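For clarity, chains are labelled A, B, C, D and E in written order, and residue numbers in each chain start from 1.
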């Protein structure tokens, strides 16, 4: 068999490098004729730019792992390819661990535009020392928001610039989705022609944000600042993605006892959580490269690949076999209890909604900007919801024809 | 006593200015978990300098980055000077049709942010198969309108009779540029050299676009790679990398300083 | 050997007209001094010849070819700037060597490092260094060659500027007050050096100076310029002894010529303060009588004069006196004429007559007064 | 008026500017025009070919709240940073040149910000200005003041960025001014002393300031341009937030183009940006260049 | 009225010692000319007095107070720089006004716009403008006041520099070759103007010039400086007629003094080329005999001299002759002594004798030769 060389791109090497290296090592033993060149970008955003820029000239990347919410954009621009035929050719997807739930994470543009590689969901990090000093019990943290707020106020009362809680609302709409989905809401209507968040669920989400400030005493911090404050032992509870777990552990070090737990429940029945993470999408057009790239993608999302991924990152597995069969990951979770919080929420994970059309990224920015008004207490949730609704509506693709 | 006051004021201001650097240096000596401890201590509790710097030197090809930086900055600087000095001289001291237009173009060029022509340039380089070469790093920056403007300003203050004398002595305009104008604008040339090198040494935007991988990575890009691939939130090591990459610039500045002190005197002239 | 010719040169700075249709020719091998009061346009004229200032009208011809438009470097003229215009970044030796290096070395050979390695370059550089030393020696610059202009005294700078001009063989020398900052001894030795160089090279020389002694001793001809016009151009003797215009007479001579109100009677006899002067002229009525201080003698009889002041000059003294109401200065040996009241006389052949318009009026007949 | 002797000069002028002009044409003008031409299209990264939509983008700009905020923010930022960094640079240059001791040291200290690596400095600033654990607020707490959330409050974020901008620009300007100072003939300062200029201020007014004219014009122009083009600090420290409080033109341009992928719209912002600054610049050089004394 | 005193001033630039322990006093109201060859240290001394150069040793006293370390502005001296040092961005009028504005207006009143509104400022500015006009007028600058230095001729710039110095009433004037670029007429009128100003203000004046005539006519005393040392300081007559040193004698006088090899016999009688000179001295052996060109006369008998060249000076001529092998220059009226062979004689009272070390040797007895 002929030697093939493929170029594979992924973002956030800080988080993912070890996992890809491990997978590549295992893959090389299996397919010695396939050589992989790696291209990385610091974050998803630049990864997206890289692929789009290349699309405008000549593509050199054959396989790219992109953030879930960006996949739609590539699908709509005809860069990502439908993977279902390839998958079908190998047999029943579900038997290979690609359950419909998992496939749906990367189902955009009406076809299977990618295969989920790693998934994450928001969790709560907390400083067990502070919780104890404030009279809380680290082993039985509050499971609803009012409880959190009370604990937060008690931690703040410790003084010396200590803050109680911080919720990672800035950046993109992911954490807002968590609040919205937690209420059982959704972003757009079924046919994607109109918004659906302007109802009671959306208002609930924004009110909850408002209460975090009013009742929980949440300070106005940037995300990096919050993370630093947390690492410095000055922040009690920190709500953010499980993906940051490894870095946080490193920063915290021996400063205090770091613990994690699930997100507080909002609506026990309809409440869901958005899924972050990456999916691989196939770009290669050249037949040989395409085949080789597919082989790697398939392997990286197989039970074996997923196991390696989880062991080296802390993400939630995205292969049903790896989740179900204890031989893959049970041992790992026993040894790393901090990583369990995310898996305990895996059952309520749903895809991170990606907006359609050209303005998809802008929509998320608009939502963040609007939330800032609440956090800075410059507007009520009702005002914000109304404006957010009208602005997002304006940015949605106008129905053609 | 006035001079004492002056030095005190300078020292106080200097401390303020140094603060971020002090933090960077201090951080490069600390382990990550010490870094954000609430009452910050300047010196680390447990010295992690060896770990941090060792990690940088071990995990990234520092020498390669520095070499790439040197080639890129050197190449850019040479061409910028080659293009800008004659142009600056012509704009300052020669009268010719179209001069005002050219100066207008310079002023316009000053306004154009690097991002604007970036995409077309990228496409051209890509079409020419130049991506990931030194040429790709150097070529787009070879023209510096900043330099043209700077040299024009400094050359304009040169006494006209100096140039007249040179013409009588048989120098052509090109010879005047290099033999009379430039030697009398050394501080400006040095200032520009420093800025050019600093700007490109630290530039992330363009190298990130035209290079992939370590092979042609510049120092700033190296830091970025180090952060994204290795260090992540290991601030201590990251700051160690920053310190290493910044040090050559600081050294270069210290060496170039003398050029500012050496005043250019116009005592060749009377009146 | 080339000459220099200026035809109808006109120049104005904004509203001020500085040169009015100046015609001037320096013959091949000639040394021509340009003399005129401060601000009359001498330097401007020189700069036009050199090609660093453009005339508004007129033509500059060097060696017969029209070069009004040519680049300074193409004219092959050497110039001492009134303000020296030394290169501040070069040592004295390097300053002097520039015109040679520019002409003898090719562009490649002039390259900083590489140039030295090229064949021939080293030999040429050695030759240049020798030439520099050769001109520096008589100008007393030998021990100053390694200094930069900022480390030189005023006079030393001026000499470097001079050396830079005379180090080569141009077709025309333009020297703008090249000795103004030198002391008497250096000045006279440098004067001799310049004359010697001029003799050797035979280049047409245009020499601006405010020092008449310099102009009169060195020049073949002197051009007297006033307010942008050349009033007279002739040999030193001509301009000094036979000035064509009262302004020329007034400008030449130190102390200045005495100009006295005189009157030509009906008979044409010129009378000064009531006494006849021995001069006769065709004009009638008021005239100006010019008498140089050295033309006057103290005598037993003549015009009675009151001495008002004495100025000691070393080798002579100046007497400020008055004949009637008119002031008159004379130069006499020191120690002479201590009395407060003297009698003055003069040789009418040395007297000059000017009409009301300032033009010279010839004396028809002269008798000893 | 006839301009004899100028033909050679003109030729030399053209010859000397040709390399620069060609490079400028190829590397700046042509790509810029190409990029700006997109302003009349709906081009998005990855979607080819674009459709020509005339002035649609500009119409949208007119109503875009984000653009307006960004415009005003930029003005405020420039208004703070440009004058303060020019004055600061000048003041430092004079202070240091006049200092009896430690000139080398101080020059280096104030120059340090110029060589700063964005990655490192972003981390440092984030830490120094951190609302709870940062030394700045810690110091304020010591004197009983509760410091603001410098980089995350919409009240202070622009001020903080401006302070950082000044910090970066002052050293830059200082070096330029020092280069300019050396070009002032020593004799003139001596003449000023003899003429009775007692204090530094007199000498400054009489000699230094007028003869620094060309340098000052340069520094002012460059400072304005640098300030108008502020980008790095916004991109790494605040990303325009919170709620666009630190959104500036170039960052808007960048996000519209590269994050939101709307290159056409981004080009329209560029065009407006260029037009505004070009007019300002022309005014400035027309007015100032006349008043500057060149040797 | 204040005087100026320099005590043991020493100054070196690197290895070169430029001033060797210079002692010099300018008495209150005195006009002292500093004369010396180019590069001897005159400007350096002036700059030390002004306080813009610091001496390595010694003290500067002005009006009796030690001001060696004082700020230039505190010394209240006015200076004309040899290279003018005009402010290029100010007009001639503004240049001249600077020292007045600095002294008469407060810092507030000097503020660009605001300053004009302050009480009193306008009146003071008017007074300054009047003073500027007052000094500009006699220097011929009245019509040039609005020009910037770049638009002035060399001589005009020099006059502006002079006007800037003399516009105020300092305790000391320091004038460094203030007239070097002026023509004879302007020079003599300006000379008179300076003397007049000096008389009026009575400020001690230190005046550097390379023009002896200037030094001798204007100064109360002349200090002759050579290679960083003051060799003699005395009245013009003293230094010209009774030089203490052969170098002083050689430096003063234009053309220079004739220095001839002579011999004092056993009887002390001095002989030149075999003929007795009528001078007697206590020294024996070889001596140098100094004779000024104007001390020599053409006579019927005396030393036979061959005429080798003639130089025409207008009011006189110079004869370059030789007595035996020794060259000798004399100054005679023009038109005289046309013969190629002459006889020369001199009045022994005007002759000077110098020993081998250069010091003056007194003549004991003098008889007419």
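Throughout what follows, a residue touches a chain if its C-beta (ideal position, glycine included) is under 8 Å from a C-beta of that chain, and two chains touch if they have at least 3 such contacts.
No experiment lies behind these values; they were computed from the predicted model shown.
Chemist: Return the chains shared as contacts by chain A and chain B, ordered by label.
Modeler: D
Chemist: Per the definition of touch at the top, where is the C-beta contact count highest among chain pairs?
Modeler: Per chain pair, the contact count peaks at B-D.
Chemist: Farthest from chain C in C-alpha centre terms, which chain would that be?
Modeler: A
Chemist: I'd like to verify one number: the distance from the centre of chain B to the centre of chain C, where each centre is the average of its C-alpha atoms, in whole angstrom.
Modeler: 55
Chemist: Please work out the Cα centroid separation of chain B and chain D, and write it as a whole number of Å.
Modeler: About 15 Å separates the centre of chain B from that of chain D.
Chemist: Rounded to a whole Å, what is the gap between the Cα centroids of chain C and chain E?
Modeler: 22
Chemist: Counting only Cα atoms for the centres, state how far chain A is from chain D in Å.
Modeler: So the centre of chain A lies 38 Å away from the centre of chain D.
Chemist: By residue number and range, which residues of chain B touch two or more other chains?
Modeler: Those would be 36, 38, 119, 159, 172, 224, 227, 235, 264-267, 269-271.
Chemist: Residues of chain A that touch two or more other chains: which are they?
Modeler: Counting only residues that touch two or more other chains, chain A contributes 53, 56, 161, 228-229, 232, 234.
Chemist: Among the residues of chain D, which are close enough to touch at least two other chains?
Modeler: Only 3, 6, 9, 127, 133, 185, 187, 211, 295 qualify.
Chemist: Applying the document's contact rule, which stretches of chain E touch chain C when the two form their complex?
Modeler: Spelled out, the residues of chain E in touch with chain C are 13, 35-39, 42-44, 82-83, 140, 144, 151-156, 159, 176-177, 180-188, 210-213, 216-217, 236-237, 240, 250-256, 292-294, 311-316, 331, 333.
Chemist: Which residues of chain B touch chain C in their complex?
Modeler: Listed in rising order, the residues are 159, 161-162, 164-172, 175, 180, 183-184, 186, 264-271.
Chemist: Quick check on the complex: what are the chain D residues that touch chain B?
Modeler: 3, 6, 9-17, 19-21, 23-24, 27-32, 34-36, 92, 95-96, 98-104, 106-121, 123-125, 127-128, 133, 135, 138, 167, 170-172, 175-176, 178-187, 211, 214-215, 217-218, 221-222, 225, 228-229, 231, 250, 253-254, 257, 263, 270, 273-274, 277-278, 281-282, 285, 294-295
Chemist: Which residues of chain C touch chain B once you look at their complex with the stated criterion?
Modeler: Listed in rising order, the residues of chain C that touch chain B are 47, 50-52, 71-73, 77-79, 81-90, 95, 98-99, 102-103, 107, 110, 149-150, 154, 157, 164.
Chemist: Show which residues of chain D lie in contact with chain A when the two form their complex.
Modeler: The touching residues are 44-48, 126-127, 130-133, 141, 149, 151-154, 237-238, 241-245, 255, 258-262.
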